[in-house]
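Below is a structure I'd like to ask you about.
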Amino acid sequence: MSEQLVQRLCDELTKLVLVDPHTHINPHSPASKTLADIMGYHYYTELAHSAGMPKSQIEERGLDPKTKVGRLVESLVHLDNTVQVSWLVELCRKFFGFNDERITTSNWETLYDKAAAKMAEPDWEDQCLQQSGIERVFLTNDFDDPLSGFNSQRYIPCLRTDDLVFHFTNPTVHTRLAKATGIEPTTVEQIRIAIGKLFEHFSRNGAKACAISLPPSFAPRPPATAAELNQKFAAAFMQADADPDVRRLGQEFVFWTIAEFCADYKLPFDLMIGVNRRVYPEGVYQGQDLFDQRVSLIQYKDLFNAFPQVTFPISVLAQISNQELVSYSWIFPNVVTNAHWWYSNIPAYIELDTKARLQAVPRNKQIGYYSDMYKLEFAWPKFSMYRQCLARVLATDFVIARKWSENDVLDLGRQVLRGNVESIFRV
Amino acid sequence: MSEQLVQRLCDELTKLVLVDPHTHINPHSPASKTLADIMGYHYYTELAHSAGMPKSQIEERGLDPKTKVGRLVESLVHLDNTVQVSWLVELCRKFFGFNDERITTSNWETLYDKAAAKMAEPDWEDQCLQQSGIERVFLTNDFDDPLSGFNSQRYIPCLRTDDLVFHFTNPTVHTRLAKATGIEPTTVEQIRIAIGKLFEHFSRNGAKACAISLPPSFAPRPPATAAELNQKFAAAFMQADADPDVRRLGQEFVFWTIAEFCADYKLPFDLMIGVNRRVYPEGVYQGQDLFDQRVSLIQYKDLFNAFPQVTFPISVLAQISNQELVSYSWIFPNVVTNAHWWYSNIPAYIELDTKARLQAVPRNKQIGYYSDMYKLEFAWPKFSMYRQCLARVLATDFVIARKWSENDVLDLGRQVLRGNVESIFRV
Amino acid sequence: MSEQLVQRLCDELTKLVLVDPHTHINPHSPASKTLADIMGYHYYTELAHSAGMPKSQIEERGLDPKTKVGRLVESLVHLDNTVQVSWLVELCRKFFGFNDERITTSNWETLYDKAAAKMAEPDWEDQCLQQSGIERVFLTNDFDDPLSGFNSQRYIPCLRTDDLVFHFTNPTVHTRLAKATGIEPTTVEQIRIAIGKLFEHFSRNGAKACAISLPPSFAPRPPATAAELNQKFAAAFMQADADPDVRRLGQEFVFWTIAEFCADYKLPFDLMIGVNRRVYPEGVYQGQDLFDQRVSLIQYKDLFNAFPQVTFPISVLAQISNQELVSYSWIFPNVVTNAHWWYSNIPAYIELDTKARLQAVPRNKQIGYYSDMYKLEFAWPKFSMYRQCLARVLATDFVIARKWSENDVLDLGRQVLRGNVESIFRV
């Protein structure tokens, strides 16, 4: 009966059309063309590699899409337990008429061809969104993205700022910034003006958020004075091999300046906290990053206090950070919980995290989920996974333990799934 | 059937009258007078503020109780999901004849008036305790509390020592200590003697515990020699802005001295580990503290080894500390687990923590729960929440998984709820 | 019905005969002779001590086995809730015809005598293994173990290297190494050659793994040059009280050299990460170690990258490390998850950890369980505990949530229980 309750809640929640508040969709090519686009998602390439397939086979130069899929399918026998592979099977069932339990070396070619035919339909993008119950999709845009040539009602720009904060000393970043803004960033004040121009451009083009991913060691502080920064300008902003303490001054200045413009432009600042890049440099593309769980939100204390007018939707990579996230969201008005990110995006952790959040964070401060997808086909299975977890927590902790009516828990579920996305990002 | 089992166990456990081993009750005014006393609990003010209400509205000077409640009720629409608001609703149902699902802008005034009438009854304190199944209540007393003018059979003194250890350099602490003991703390030896006088006073007045809350950075060590401490006396004990390393010598000396007197007076020393104070200084009263989960019980290794004759009931703020607490309690005879504190006091964490403790810590070393309440009305909903969690763990992990009889699990439940409070605190 | 499903899966998994991939069995005396061998396991002595029994009573010199058991039985009244005591009761039921719910001061003598009679049967070792469903057992051998005089088909050697890495400066280690290899370790090159001889000896005698336990502070780095190491030879390799930074150079060199030989000899290198030794030096034998959970697998980044050809089965002591273990195993081809170790080896944590691993780590990279036992009688109750947890996760997360067939989940269970032990350790 409890399983029936979960299913009933899940079915109702599935009727709600959603706004996906964080993805890596390319709005010029949002949907897949073949299964290679789908199975080229780093989850499959990195898991295939982890399970024993050499990187050289997966990333062989000039590999045609079908051969690549054929190779990756060989790995699925080691991966079918993973929830990531369940996403793959679920989307093939949903969109491509796949009816088997597993994708195998015997059935993949038929699937490949059926999928290719379906994705070749001219309105595949619309079909996919419609079947997935998604109507608007946040993007992740480079700071120098022209933001033109796509439907910005459907695809909502978001200013991604990792390059500015952490790779400012990279000459190509200078060049890109100068080109995008017409300003050579040769003084602290020019950097500030250039960043302001980016915000103006993004805001004018409908951006609804600014975002950044952050390493566990980062602890933003109010920046040094302009005088000090200008005096140390080269080491702070120009030299990748400068004294790390001085280089950090540059990062802190850029980060703080971005937060100031978030205040000016009334943009929420998505913080995705805790990733170490290139921990396994010989890994496949996008399959090299990991984390150090020894991180605390206390590192962001100065930031949260300095910008009460900026909303910070926070994602944490380490599951153990969830209690801090719950507690900081419970105390700081400007901190809100944001979905279940990457290595924490599996049902075992989603369910634990959702329970704690629903028990202790104000209901208007919880963004339930984003897909983080690169291709539209993934919204369906990822949101489905989340809805299952959410429905389970609503059933056990609210309907059963606290005797809430099903209508009341569905209202809570809908707020977390969609309502808060609208109110927090003003979309 | 399993839900019925949980309910059956819970109902039986509810019959047991309890001793609440840690509260902030003022024995001169233990019960509430209006709903404003109840909704003024920091959980409601901080959550209302977190959900969007300005501090100025909540803490407006001269606000009358009824207006304050009216304002806070407006926030409940954002907070009804939280377990803290479920405590509020539960106690209103239990004590004030409230029958609705939620407290709203439409029904709160009636509730306010009914509650005020009930609480105006001359024996409300007795009624509340009796209905709550509580017969004795530990206090949290300032070190200079005269401990007179209340029923010390019902209200058991506990010497709280945060001020002595962490605010000794504050001149008012010096003054209070001198006034309470008749000793000017101008040498290390005088400090020791003064602290001894406090213990004598508390012990003579029926104190059954000493307690302190500790920041995550604290790591007590055997103190420096008296000679060194006297030489650095000003920086160690008098100056709030002294070199932190020397100031820490003072904190370590006071802390260690307190532990020594706990040994002499056979008092358990409650350690509440992991809170950072004033992380959000613009927060409402008592809604400013948070934590850094990067803390380990290894920091207390010297203490546990140096005082085998002192029992340390330990509460941890970060849920991730629970496994260390379980493991240290499993190995050290003088370490016992103490309830579920503050940010860990929600069902999601209570249930996980209870499971691990019941599976691996000797049953005579577990203090199940304390209410931490400021007003008597909260014992009922908080202990109810805990009993539900405990009953669930007893049902699944003992009756179902290990085939224990219901009588045997109830004995275990009663020991954790009350028996160990009596044996550990000798009450 | 769900409980029936769990039981059905568990019963099927129990039919599978296993290889136990990590134990402390003495192959010259693998089984117990009396209950004192069984109750002398550190879990019982340390828990009895923790619950209040003085170490002097437990470890009294010259205590005869029966008196010792009688004393320990007195503590069981405080310990019957623990899963460790449930192992004891379960093995007494399984092997010694014990039928009561608990071992008490009234029934233990009969049990003691029946157990002694059973264990005196000449084929007890064979009976015990056969009834336990275990056919091969990994050992933990000192580096200077002659590895002779036992059935190495049944008992598989494993080179334990803690002494070499962490106690090299101890003169007895020098002497033992010289004696075992015929080489005086007086230069860096001689140390390397001596370690190589150990690998040759172990490999020739059927060793299938190398293993080490590691403190939370350890972070292996590529070693210093031979020139630097030889220059600092005394402080790095000979003096226990040398500058810790130089001594660490010695530890890093020995550790890295062992990893190199693991590559040469194609041996997996079991890393057991996170134990602090002698945290409670007054504790009973083997009941003195604890941990500091502030540790990260990022500390092993250099190692994992430097030795792609070595498989690292990793056990973590702190439960909070499990997500890092899951994530590093998901990304690094040479990292695999290895069982549930010591303070994490209780159902509450096994179940959480198993859920995350089965949801996100390739199925061919998970070693489900090892017993870590010192006496053969413990394989049965420990593996039974694990099988219950595994069956529960397979039932809820795969049969119910993901609609897998029971046959398919049993295949997954069998791979994790046995198949991967065979493929990873090549046995």
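Order of writing sets the chain letters: A, B and C. Residues in each chain are counted from 1.
Everything below uses one rule, namely that a residue touches a chain if its C-beta (ideal position, glycine included) is under 8 Å from a C-beta of that chain, and two chains touch if they have at least 3 such contacts.
Everything numeric here is computed off the predicted structure, so don't read it as measured data.
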item	value
Degree value of the rotation bringing subunit A onto subunit B, based on Cα positions, nearest 5	120
Copies subunit B and subunit C touch via same or different residues, half shared test	different
Mean-CA-position distance for subunit C and subunit B (Å)	39
Residues within subunit C bordering two or more other chains	294, 320
Interface residues, subunit B side, partner subunit C - complex	294-298, 301, 304-305, 308, 320-321, 323-324, 326-333, 352, 355-356, 358-365, 397-398, 400-402, 404-405, 408, 412
Interfacial residue positions of subunit C with respect to subunit B in the complex	3, 46-47, 49-52, 78-84, 86, 101, 276, 279-283, 287-294, 318-320, 343-344, 346-349, 388
